[in-house]
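Chains here go by letter, A, B, C and D, matching the order in which they are written, and residues are numbered from 1 within each.
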Amino acid sequence: MRTQEYHFRLIVLLSVIVMLFCWFVIPSPSSSQALMMGVEQTKNIPKTAKEAIEQVVMANRILANEGVLDALGHVSIRNPENPKTFFQARSLSPLEVTKDDILEIDLDGAIVTKTTMRPYGERIIHAAILKARPDMNAVFHGHPASVIPFSVTNVPLRPVTHVGSFLYQGVPVYDDYEPGAGMLINTKQEGERIARHLGQYRVQLLRGHGCNIVAENLPQLVASAIYLRDNALIQLQSLMLSRDIKYLSPDEAKRAMEVALFNALPLDRMWGYWVARVKKNMPDMR
Amino acid sequence: MRTQEYHFRLIVLLSVIVMLFCWFVIPSPSSSQALMMGVEQTKNIPKTAKEAIEQVVMANRILANEGVLDALGHVSIRNPENPKTFFQARSLSPLEVTKDDILEIDLDGAIVTKTTMRPYGERIIHAAILKARPDMNAVFHGHPASVIPFSVTNVPLRPVTHVGSFLYQGVPVYDDYEPGAGMLINTKQEGERIARHLGQYRVQLLRGHGCNIVAENLPQLVASAIYLRDNALIQLQSLMLSRDIKYLSPDEAKRAMEVALFNALPLDRMWGYWVARVKKNMPDMR
Amino acid sequence: MRTQEYHFRLIVLLSVIVMLFCWFVIPSPSSSQALMMGVEQTKNIPKTAKEAIEQVVMANRILANEGVLDALGHVSIRNPENPKTFFQARSLSPLEVTKDDILEIDLDGAIVTKTTMRPYGERIIHAAILKARPDMNAVFHGHPASVIPFSVTNVPLRPVTHVGSFLYQGVPVYDDYEPGAGMLINTKQEGERIARHLGQYRVQLLRGHGCNIVAENLPQLVASAIYLRDNALIQLQSLMLSRDIKYLSPDEAKRAMEVALFNALPLDRMWGYWVARVKKNMPDMR
Amino acid sequence: MRTQEYHFRLIVLLSVIVMLFCWFVIPSPSSSQALMMGVEQTKNIPKTAKEAIEQVVMANRILANEGVLDALGHVSIRNPENPKTFFQARSLSPLEVTKDDILEIDLDGAIVTKTTMRPYGERIIHAAILKARPDMNAVFHGHPASVIPFSVTNVPLRPVTHVGSFLYQGVPVYDDYEPGAGMLINTKQEGERIARHLGQYRVQLLRGHGCNIVAENLPQLVASAIYLRDNALIQLQSLMLSRDIKYLSPDEAKRAMEVALFNALPLDRMWGYWVARVKKNMPDMR
């Protein structure tokens, strides 16, 4: 038994030494790494279908108000009460969307809501992506001008600023359109092809057309749509200065996304800002 | 008779097999090709002179509100009650046009309306084009900044995005100005020369001056004017990235125009959007 | 007497033939050359000091509202009642100028108005130019961003669009600053040097600083300031497409200025447009 | 005595000649050098903590209203009653900041105000710079799009226009981020490293992230932030015209900063302008 007791005491002693070492030598979270470690999830996540509908209306208005979407383009959110359906506006410009315009749609693109309202033809993109990506809950499809050049040339879109950090994986360009379909994506087959091409990326460009973005939640998605546009413009301007650009490295960008873009403290500040601007410009949203 | 009956039954059986094959194997229009086949004409087509006047007022306001026209430039619509006249504002900035400012003008540029109001000098362009193009009912003449570079260099304007798909035929550049006329087009002879140069195209540039656009109806025309500007800017930015651009092919672009730009579902959404923005910014249009 | 009578009748007959020829063969002004011949002066020319003060207030507001001037830059008009003085705001941003802020200043830059209000330091530019150019009645000094690149490189600013036609003479670049004066022009000597450098041009750039513009009247001046900015941007974009640009020829540009930019019909339309926008955005100007 | 009297009269005569020479030949300060000599400090300097809080609220609103800051970025002012603390908003977009959102923070980044409100993570930058630079009283941290290209290429940002004159020392680029920190600066160590890198400069860029600016007072700081953005854009456009640019020389730029940008007459005009625009757009600030 003495040997056992000896071993026991040795373990306790070593544990104390390790704990003291941790305490005094490793920098404490509160001094040097407080925020780095404090990666929090945004609180702006709807729990009910009703909240999700309200949030997707706000996302439509934000994207219109910030000039990311005009009459075309759309945004969707997975139903928190049923992961096999999502909410999206009827065929209407994002500027005009109210909660009465929101349809419930299933992951094959069929309209669940009993209504005569017409859906977007390209809802099929949202359905296919939400089906293929159970890890994601929000999809954007739009045509911001600044991203198109990166879809029609062989210059890849890359993160050049920390607000473009969510592009850390790179951005593939889809160019496998249905022949004769005029670049309009409205068959289930092409929707699935788009989703396969997206794979595990967060953003894909569509050649000569626009882009799709996915995110865990709508605040992330809106931030991604706005800063995708900005990163593309900044990258273009940088390339006009020099072809020798120091992009964010993949690791650096991934970390920047986690601590500086999608972390609750800055992300909730952004969401609050965009909402404040909507309320200022759109009296019916106050 | 047995052989006949046998043949009959065989035919019935084969027919059933073919029908079942069609039903289960070939994708049904409603699932996969619903929108591709459903190319519809916009409902926003005026039936009367009164409606045409109201619509051309709205088109003026939209083009001012979207920043496509400033004090200069103008838009016209053929009279639905008389294809030999058209409606256009008196010499006034599009921002300020009301229905009391609309003149009826014939296809030689003579003012039909009994009035002392002064017309635009360049109405002659609209008259000549509407005379030469019975297939078209609306004309735009303006000077969006982003198109000028393509009129003074030998770089052709081409469709680089699906919203520029209406440029599928290419864009000729007019440079046959009346010597000594200071680029102002106000003789009948030059109007006819412009119309001949336009030929069957939808858009022509005027060197160092601007562009003319034609369309079947005003919603198409307004969409063309707005997205002509945008396509030009995106093409310029693309060319700054690389001289090796994958443009829309002519077939692809023509199809995109039909199903994704001028099809009723998206076109009416655009028109609704532009009208909503006019109503927001111009109290007298509510 | 018969010979005389014969001659007389012959002359009458020939006169009638010539008149008929003119009537039927030469195109009448009303059909083909009406506007080309009808170069009219704008009616918006103040006759009294009071009207000039009101107009220079409006010009300040227009240039602020159109984004040509921010806090810096200024505009002046010669006193219609005394060609040896001019009107200009006290040191105040153009956005904020009212008629109570207008000073009368003589052509040496001395303040005629009895006041303790402080003038712009650079009023000396306006004084020197109005003294050197009795043919001109309005001066602009400002710093539109798009013109600066043409002042710091050896690429000359040239008319690339008909609204830039007033640049038909070319645009000299001043770079003879008082050593140690920090590019601020506030000595009478430098004012005179600037005016000599301007000579008979309508526009001069100041290296790394901005530009001066002169015009016969304020509507011309405001049009010149706005379209100088636009022409510079369009020229820059054109040069990004190609170094081989077809500029307006000097003759073509001069004529375009006369018939299409400074002619009463379009110029008054522009002025009306800019005033309408001021009234929309600035309640105190209604 | 005659010789003495002769000398005396000669001296008097020479003195009179010299005085007359000075009077007539050398330009008097009041005519030629009045403004050059009259470099005055702005009056807009808060004397009390209360005034400083009001001014930093206004600076937040100006920077939001002028589009320099969106949801991200922040501004601070040293406490006039205690140089060892400064005022800055809690984690909130500059657009929304009111005086109730201002925290007092010490030069180690600790929150002095008794509150549960959360501060910006990057307050550490402001704390470190204000500690290292007792000559400066205001700090800006933001991400204007036009400066990023100069942070990711080896093209240095330089003064190309007199409103960019405050860049006379050049602009160093920081690229010594904490590994694994995702470009977020929130450790005291990195704050100090940033401050050391800034040294005696007025502006530093952060690679792929943004910039820090320091100034003696808030009006200077706001002018610097706005014109840093503008100078970067103008420099980019200039470089697109030609790689051979005539920048402001360091001496010329320093002098231009003193007499034309940070001198009371123009600086107070700018501040008044930005305040007027805030009051127009933000009813709660009237």
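The criterion applied here is as follows: a contact is a pair of C-beta atoms (placed from the backbone, for glycine too) under 8 Å apart; a residue touches a chain by one contact, two chains touch by 3 or more.
Bear in mind the structure is a predicted one, so any value in this text is a computation, not a measurement.
Using the average of C-alpha coordinates as each chain's centre, C ends up farthest from subunit A.
Put simply, subunit A has to spin 85° for its C-alpha atoms to lie on subunit B, with the angle rounded to a multiple of 5. Although subunit B and subunit C share one sequence, what matters here is the overlap of their interface residues, and that overlap falls short of half of the numbers used.
Note on chain placement: the centre of subunit B and the centre of subunit C lie 36 Å apart, centres being C-alpha means.
A separation of 51 Å divides the Cα centre of subunit A from that of subunit C. Here the CA centre of subunit B is 50 Å from the CA centre of subunit D. Each of the following residues of subunit B touches two or more other chains: 240. Chain-to-chain contact here is organised cyclically: the chains close a single ring, every chain touching exactly two others. Contacting chain pairs in the structure are A-B, A-D, B-C, C-D.
Contact residues of subunit C toward subunit B in the complex are 27, 31-36, 159-163, 165, 230, 233-234, 237-238, 240-242, 244-248, 251-252, 254-260, 265-266, 269-270, 272-274, 276-277. Within the complex, the subunit A residues that touch subunit B are 70-72, 91-93, 95-96, 118, 121, 143, 145-146, 148-150, 152-155, 175, 177, 180-184, 186-189, 207-210, 236, 239-240.
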